[in-house]
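I'd like to ask some things about the structure below.
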């Protein structure tokens, strides 16, 4: 099995050449550790974020998305508060109880079809307000792009933020694939996130061409008070900070994020287009970003997985007896040739 | 102020060229994320550790030393257990209560002259055994090199390990500068750590030429059961694992760790030799590794800090009215020229 | 509104006279604190438990049911493990995230009709075994009596215990109303709990005539190692321990627990019998213990609540537009006169 | 060995008759659980506190002193904050790491001679302010009476409170024996605690004649926001709340607290007076409250402990080769006869 150009996940891909070049370039001489003492590399990267999201933000680099989500949300709450999220949210499903451990609190989950939550689904949890036996809802966390490949519109985010604020809650966005969402919506980071009223954003890059690092962006600086201590206590303060900062600086320069995300999203559309020609397959979610969710016969899955690794997302979809739902992810480095090769293998087997 | 070649800390230096070259080399095509699915890069790096420490170990990569210490120690205990360490230990002093938060427990601190602890200093805590009102001592954690630049001999470690085990405790070693210690003692990793009975080691590299990543080495594999979940819950599982693994693989190849540590330690000795010529200065700790601790007149400190950043370690040393104790760290990239320049500045001022 | 003899909850009732008399009696002279130093009062109470549950148990007194559940379950797991329970379980619903805070972990919830869970509902969570991104299921927690007033048979418990053990899990029972369950099943504590393979039991008494205190009963003593430290760390070690111990001693003497539970259960049956005469009302769950769940017109609820406090359990039951589901709890001190008075009020309004 | 009237601890004694009588009296009919729904018993007790401490307070009942301290302090801080206390403080020494577990944070300990801390001892920790690697001092916690039997004057508390507030910290008082302190100083609760600027008080009663329960008193109501959730999450919300509330109500009526404390303190003075007649003994701490600390020959200790249980407080006092320091506690029920009997035994042995 060749693992080159798998469709397993966008974190199977490597570091894009622009970022790799930057890491090499920034690797000269000494630089203050921990982003302290006015480290110029870290300072420059933070400026880039401010240029894009607005001056009133606060920016903190951490190691990964798990931490960005857990720390960003923890900052907004105390242990008797609760977070509301989709059941499918990474925060709820895939962090081995890191949120519960660090927040000391509870995630209230919402079952969804498409990974997106609406105010009406959150509202029932508000019955707990003022009842001392229940954790008090304090944060709504959404994933943009969702774990189902779907995308919230700016208006949907604006509505959720207003709803959260009207009820004394905050809105957090898990933006592990935020660049893919911005590209899908043909908008900008500020329009989609700052202007809609989001409070805290986990700004991801690793899935879109970076080596490591994630950014917690407080879109309202006043919410970030003392966050440096929470980051340190969360074991997320990197000593050689320049190597995270420089990646994000480059990522936000010359729209590198956009170039990478456009490729990934475009390849996903092409993959979907190629696959929907096969009557045995069915695309299950609208392809907005870089993921394609497909119902696929189990024999075909077995065949393809001899050559490609990818995840089965739903082992037993409703109403399906011989098909499973798989997830195929495209990346900044996926090529048309990769699509053709994969589709060719499907075709070969289907005949 | 030029920040090139400061003596602030060994994490102000950059990535050594061999490691940087490796990162570029490993950056090709796709690779399984999270070290899963028999990721060949991660597997090869683990093999390197086994070749060096012995086959019976278990190896886990995390992001940084804070996490390696906190998770490695947490694995050995439950929340009603306690860790015993020197008061000066990084674990106790410099982690913003990360250990207390994650372990849910207490560090019992020992005051020392030189950062090293002895069994007789640990023993008084054993009065708590069986007393339900007290946290139960379960782990002794030592730093090798210590935060005072001193180094435990293999025999001292052997004695501490035997003492720990005889009393139902484990011995953890914070090896943020373990290469410097091995070089200082002119020994090997296995002789110093595996063969002396250490249970868990935080194996550092970032202070000796790596970009990011630290390794938790369980020297007895059976102690590592389920540690993958603790790592994930500790927000320390990197998705693009190959970029940590490859660094350590290279670090352990062709004795790169030794080359870098030899340079850093050697430069520290040279720096100490240069400084002890000045009667106004006094070296306070034996220079065994890459740190030099010096009593220095306050005016000289002010003068030097216009050109170099370094840390004042003790603002008010006993018996000193006009001198403070500073810490000067050498790194894998410190040169004789750097030493001469620094000493020259001292001389210039002293005259 | 008279609050005497409400049907709000069995913890609105007072302390039964036998227990009150015991508290007065044990209040003489000095007694070792914390149950230490072979405190005879605590020792005698523990003996009573052993006589009833078997010699191989370990017994620890705590303050309340929240703590008995949280500590009993915590003892069986580490923070990366997960507990599986009914969504309606007190552990999941009504502890203000105390379990998440103390365990540092996650509760995996199961939606049920009747508050009871079956192996087939637990099994899907086992897909997480060995997947480092997911908390690992380790404990199944059931409530006996459930929060819906239903009762597991001994056979159902035996099946759950065997299922748990076959998959490397433990079975915990929240027995806040365990006496009511034993009486409902006309069995004994040992047959229902020890002999069926339960691992840990929260043995409640406050809802059945005690003043304060709950007991964590490890039905397999070896599971209780070090639990005294977890209890202390959980802030649940009472200094004047004799006042908890003596209550349980008396409770287990002359079948006082049975007398109280028989009354409470019997009154619930009588209340149900009285209420089912009214066509506007509908009993929704089989009345096995001391709770009666009833669909009731909203106007009638308003009327009754002028005289009695009781909880609306379901504000919007499926298929009901003008009725809500209420919970009526009987207690050790409920009388036939109380039933008549309540039913009389219903009748008065219904006419 | 008779355990009646030991001098082991004031929690070896029973419940004073006035409180026992109250418990019996309040045990009639139903009462709202959890102090909810305007429970009249709880409401009345809270009023008593307000009458004594001032109207601007907030009052919460919990089960014990461990919890009052841990929850009261937790309320004032986040996990990256630290508490400063005497090394001898119960919070630091005797809670099996409950504070670290629940606060997720660190206690910074101060070595003292007499259990009392002064601003100059706290100040060195403020070097950590703004340094992201260190937990940030946020609460000073003192014990009044201290664990060494000493008592802070009102002026000393005022100075500490002003010092704390001037530096952005809070002052918490562990008042497990607060009645004994008030009696020792011949003052009142309001003068000693409200008027001196204390922020939060753990108001104890169990050591002075109550059965169970402790009160967290926020002397500034605004500090108590959301504390009901923290209490519940801390597993400290009692269902049959009236039985805690009624005890405190009675305790604060007709100066019962004073009567009990006067007896305990007075007996301690008498005990000290009797013991200081023996040249082999030495009282080590000024006897201000109900504890007497005595240097005692080891043979005498052995002899006395055949008849009385009491704690050796210091196994190896400085400069003593054949004496240990023991702690003798008097209680609300200690009598002159008890003193005579104990002193008689000393005399018998001494001859």
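Should a chain be cited, it is by its letter among A, B, C and D, assigned in written order, with residues numbered from 1 in that chain.
Going forward, a contact is a pair of C-beta atoms (placed from the backbone, for glycine too) under 8 Å apart; a residue touches a chain by one contact, two chains touch by 3 or more.
Model, not experiment: these values are computed from the prediction.
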item	value
Chain separated most widely from subunit D, comparing mean CA positions	A
Recurring contact interface, reference A-B, options A-C, B-C or C-D [over half identical by residue number]	C-D
Whole-Å gap separating subunit B and subunit D, where each centre is the average of the chain's CA atoms	42
Between subunit C and subunit D, centroid-to-centroid distance (C-alpha), Å	33
Centroid distance [mean C-alpha coordinates] between subunit D and subunit A, Å	50
Residue list for subunit C, restricted to those that touch at least two other chains	79-80, 95-97, 101, 104, 132-133, 135, 229, 232-233, 237
Contact footprint of subunit D on subunit C as seen in their complex	3-6, 8-9, 11-15, 20, 23-24, 27-33, 37, 63-67, 70, 95-98, 101-102, 206-207, 211-212, 229, 232-240, 243, 309
Residue ranges of subunit A touching subunit D (in the complex, touch as defined)	34, 36, 78-80, 104, 132-133, 135-136, 226, 228-233, 237
Subunit A partner contacts - residues on subunit C that touch it in the complex	79-80, 82, 93-97, 100-101, 103-107, 127, 132-135, 315
